[in-house]
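Take a look at the structures listed below.
Two complexes follow with subunit A in common, the first pairing it with subunit B and the second with subunit C.
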Partner chain A sequence: MFDISQLTMIYDMDKEDKIYAINSVDLKLPDHGLVGFMGPSGSGKSSFMYCLSTLKTPTSGEIQYNSHSFSQLSRSEQELLRRKEFGFVFQRHFLIPYMSALDNVIVAATDKKEIAISRGIQLLEDFGLKKSDMKKRPGKLSGGQRQRVAIARALINCPNVLFADEPTASLDHTSAFVVMDILKEYAKQHLVLVITHDRSILKDADRIIEIWDGKIIHDQLISVGSKEES
Partner chain B sequence: MNPFSATYYLHQNKKRALALILLVASLVLVYLGGIYINTMKHSAVRSKQIYRDFATITPGYGCTQEDYDSTVSSIKNLSVVSTTVLVNMESYILTTNEMGTSQWIPLLLFTSKEDLLQYTNLLHLSFASDPTEKQLIISSSLSKNTQFQLGDQFDSKSHKINGLIDTYTVSSIVKNDFLFALSYDPNVEPTTTMALRQQTTNTSSDKEARSAFGKALLPYHSDSFVVVNCYESINANIEDELSIYRLIYGVLSILITLVLAITIVATFLGTYQKRNYEFSVYKALGISRKKILWKVLKEVCLIHLLGLFLCFLIGFLVSFFANQFYYHTLGLHLRYFEFQPFLQTLLCSLGILIPVILFRIRDLRKIGLPEES
Partner chain C sequence: MKVVAFAWNYIKNNKHHTAVLCISISLFLTLLYCMGFILSGTYDTFHNVCVDLSDRMVYISSNEYDSSSSPAQLEAAAEKLRQDPHVEDAMVIGTMTVRVTPAIGEYNFSCPLTTAENIKKIMKHMNATLIEGDFPANDGDIIIDEKLCANRGYQLGDEVKPGYHITGILKSDYYLCMGINFEVYENNILLLSNQKNYDYTALTHDLSFPHSLKDGVTGRKSYKVDIVNSIDPSTKLITFCTLILLSICLVVVINMYIKDRHEEWCLYASIGYSTRFIYLLALWELLLTFLLSIGIAFLLILLGMYTINQLVFAGYGLLCSYFLPDSLLSMLGSLLFILGICQLPIAHSLHAVQTIDCLESDN
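Moving on to the complex of A and B:
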């Protein structure tokens, strides 16, 4: 699905000490599966994900998604791609505080309102939220519930790729595993990219990529009964 | 309700939306200020309404008797003039105008009953009984304004009517919206020659007759020795007097607009800056920048329109209650709508809306990632 070649992202281009957030990364990603990205803070994981999701423009290199190069897409085409093909789960849920949980889920839906509401309710029910909780604003929900609402929002348009940046960082272990179970289930038919510091939540991952100083230092493919490393 | 719609934001943030709407509605100060200024004009014009049916001919400085008689004769021969009569206009009645200030209107003292009746026929006035001398005939509007009742007596010591030598009694209150008071006294010293316009058969043709009368007398205004005053010349003076008030109103409107614009722009900026992360989330979710901008502009315009609606509603209610509890009791009326203040308020509101929109467009260009907001 993704074909990344010589991807580089440099901050402070005009300064002497340039910062290489991503440094000549080559990578291919499949069309489904749970892929974990690990690395210390500042290693370039989030920058890498933002480039893959068109939220940031790399300094150089190429990203191809289903054989379409990002560099040839206009801004409106990139927005359409994010809307229809990609989903985002952020470290902090970033739910809109004045909207109810259900409205937060459907705000970016591309379907008609009735279909979006129906799908949003289904998603939230699947994630364990009661109907009474769906009408509540994020401030009245627990941390785990908020993150589940954020995931439901990310999945409302059935994206082909789900980007999750530290989705369990602010959750307790129980909630964290609930969230990872949802992502793992979704990864059976779609590509889910997860950034995390916590290796324990990647126990069911199909692939773990370690990034250090903007470079991939370890790429471990995990499948049942075997381990492949690069 | 669509969560991305402008109405959704207002519905979910009622307090904040109401605060912003009330800020815009404070443009009612501009509207009511304009109503006030225009009411001053209407009040001044209204007090001069009685001059529509006659012209006064008074000797000016350096005027000889020959000049005066020649002018009176010339005016009397105009086809629009029915006759000239002698009248005393040295007495004035104290009234209150819409500004709450005092205004003096002349008491028309004719020298004969026939002259009085010629004038009252001109105004299509009718009385229950035949007028007698030193009996005041006043309009119902004047009665309300001054609280003069039937049977009230006034003499030289009265503070409500000055210039009286003898005692006058209110004998008739005639239903009429204009402020006037009439009487006759054969012994009173005439001070002015009054040229009455031609009488018409009904009130509908009065307007044309008044217009023709005013036009015919225009050439006589420029005579420096004989002062000829009619409604048109008095009205022109009113416009001159009001020009300074209009200037003050214009300056105050600009000042109010500036203050409101700064306050509202700052408030909107503060409100929307807190929502920057919301817009960056929309961007991350793939909602186009154009759509986000349209949403914000719709919200701003909706708040603005609701604020304007509330502004005019408050203006109407203030006028309504002021009329009910004050002005109507004095036979006065504060207008509910005037086009000029309405237009001025709309222009001031644009002076507020445009900077808000421009600042929003500028800020939305810089939407970053949610973490950066």
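Moving on to the complex of A and C:
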């Protein structure tokens, strides 16, 4: 699905001490599966994910998504890609405080309202939220519930790729594993990219990529009898 | 439209914020219209006296101390003028001055003192009917329109001028007052006109005595110069200052509200909504707020006009207009100005919209 070649992201280009957030990374990502990205703070994990999701423009290199190069997409085409093909789960849930849980889910929907509401309710029910909780505003929900609502929002359009940046950072262990179970289930037919510091939540990941100082130092495919490193 | 649904969702779920804006704008619109309504009590009353009355009753006044205008000459002039097709009738009369006092200012105008027969002709010409009291029969009997009565606080039997008492009350479209003359020198010719805004200067040009003319044309000039030009600048200044003050307050308030929306707008940008969508969202929220404000203002204006009419106009015999195109135009212009000025905080905030990755970096 993704073909990344010589991807580089440099901050503070004008200064003498340039910061290489991503340094000449080559990578191929499949159509489905749960891929975890690990590394210390400032290693470039988030920058890498944001470049893949068109939120950031790399300094150099190429990203191809289903054989379409990002560099050839206009801004509106990138927006359309994010709307229809990508889903986002952020470290902070970024739920809209004045909207109910259900409204927060369907805010990202591209379908007609009736279809979006139906799918939103289904998703929230699948994630364990009661109908009464769906009408509540984020302030009245627990941390775990909020993150599940954020995931439901990310999945409302059945995106081909789900980007999850530290999705369990603000959750307790129980809620964290519930969230990861949801992502793992979704990863059976779609590509789910997860950034995390917590290796334990990647126990079911299909692939773990370790990034250090903007370079991939370890690429481990977790499947029976097969390992691949870079 | 999705953007309208989004905007309505914000308004529905943020009633306090919306209420603050709605109430501010609706009070301002109500102020504009009610100010126009109060002023209409002045403008319409003056217009009736200066213009409408002058269109129907034209006065040619000679100098009473000028010996060249003898009663015979005036009568001959009236006879000649009577032949003109623009004149329904002409009569030599005396006059008395009556004052009308609207909400702002006051105006003195002439009223005929003549014979009972002429009074009947004038009443017929002005479509006036006697609704109370008696028709003038004796020297010094006065009949007066009910509006003028209310304005001056007159009742039947009151003395309007020494020797002149009210015997009857009229109902008409004008501030009429007339009576039977017994001692005023008759140095005026009253033309009963059937023309609107007709310039009688040419008709009276070759009169053999010096005179002054008061017709619809001079009445209009007087109305514009003495009334409109003196009240209008103050009204415009009040409107302008209030508008500027309100706009500044609204910009500050909207800026505060938009700052609260910054993360929300960044989220929209991140999940693929365009800047255009976010701008239209903000614009529709404003437009829906304006629509709500107009609805509230409409109700407040109705209440305001009813109250003002009961408290001020009806009891003082003042004329007023309920439909004020100028005020409506003023309201529309003000709304457009406010909408324009509110683009500043919106544009500033749109410029600051980032995607979530930048927000996370900032944090």
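Throughout what follows, the second predicted complex is superposed on the first by the 223 of 230 C-alpha atoms of A that agree within 3 Å, B and C clash if a C-alpha of one lies under 4 Å from a C-alpha of the other, contacts with A are read in each partner's own complex, and residues count from 1 in each chain.
In this section, a residue touches a chain if its C-beta (ideal position, glycine included) is under 8 Å from a C-beta of that chain, and two chains touch if they have at least 3 such contacts.
Fair warning: this is a prediction, and the values are worked out from it, not measured in the lab.
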item: Superposition on subunit A - do subunit B and subunit C clash or fit; value: clash
item: Contacts of A:Tyr98 with subunit B and subunit C, given as first, second, both or neither; value: both
item: Which superposed partner A:Ile106 touches (first subunit B, second subunit C, both, neither); value: first
item: Which superposed partner A:Lys84 touches (first subunit B, second subunit C, both, neither); value: both
item: Touching partner for A:Phe177 - first (subunit B), second (subunit C), both, neither; value: neither
item: Residues of subunit A contacting subunit B in one complex and subunit C in the other; value: 50, 55-56, 76, 79-84, 86, 88, 90-92, 94, 96, 98-99, 103, 107-108, 113
item: Interfacial residue positions of subunit A with respect to subunit B in the complex; value: 50, 55-56, 75-76, 79-84, 86, 88, 90-92, 94, 96, 98-99, 103-104, 106-108, 113, 153
item: Of all residues in subunit B, those that touch subunit A in their complex; value: 2-4, 8-9, 12-13, 277-278, 281-290, 369-371
item: Parts of subunit A lying in touch with subunit C, wherever the complex brings them together; value: 46-47, 50, 55-56, 76, 79-84, 86, 88, 90-92, 94, 96, 98-99, 103, 107-108, 113, 165
item: Contacting residues of subunit C [partner subunit A, same complex]; value: 5-6, 9-10, 13-14, 263-264, 266-267, 270-274, 355-357, 360, 363
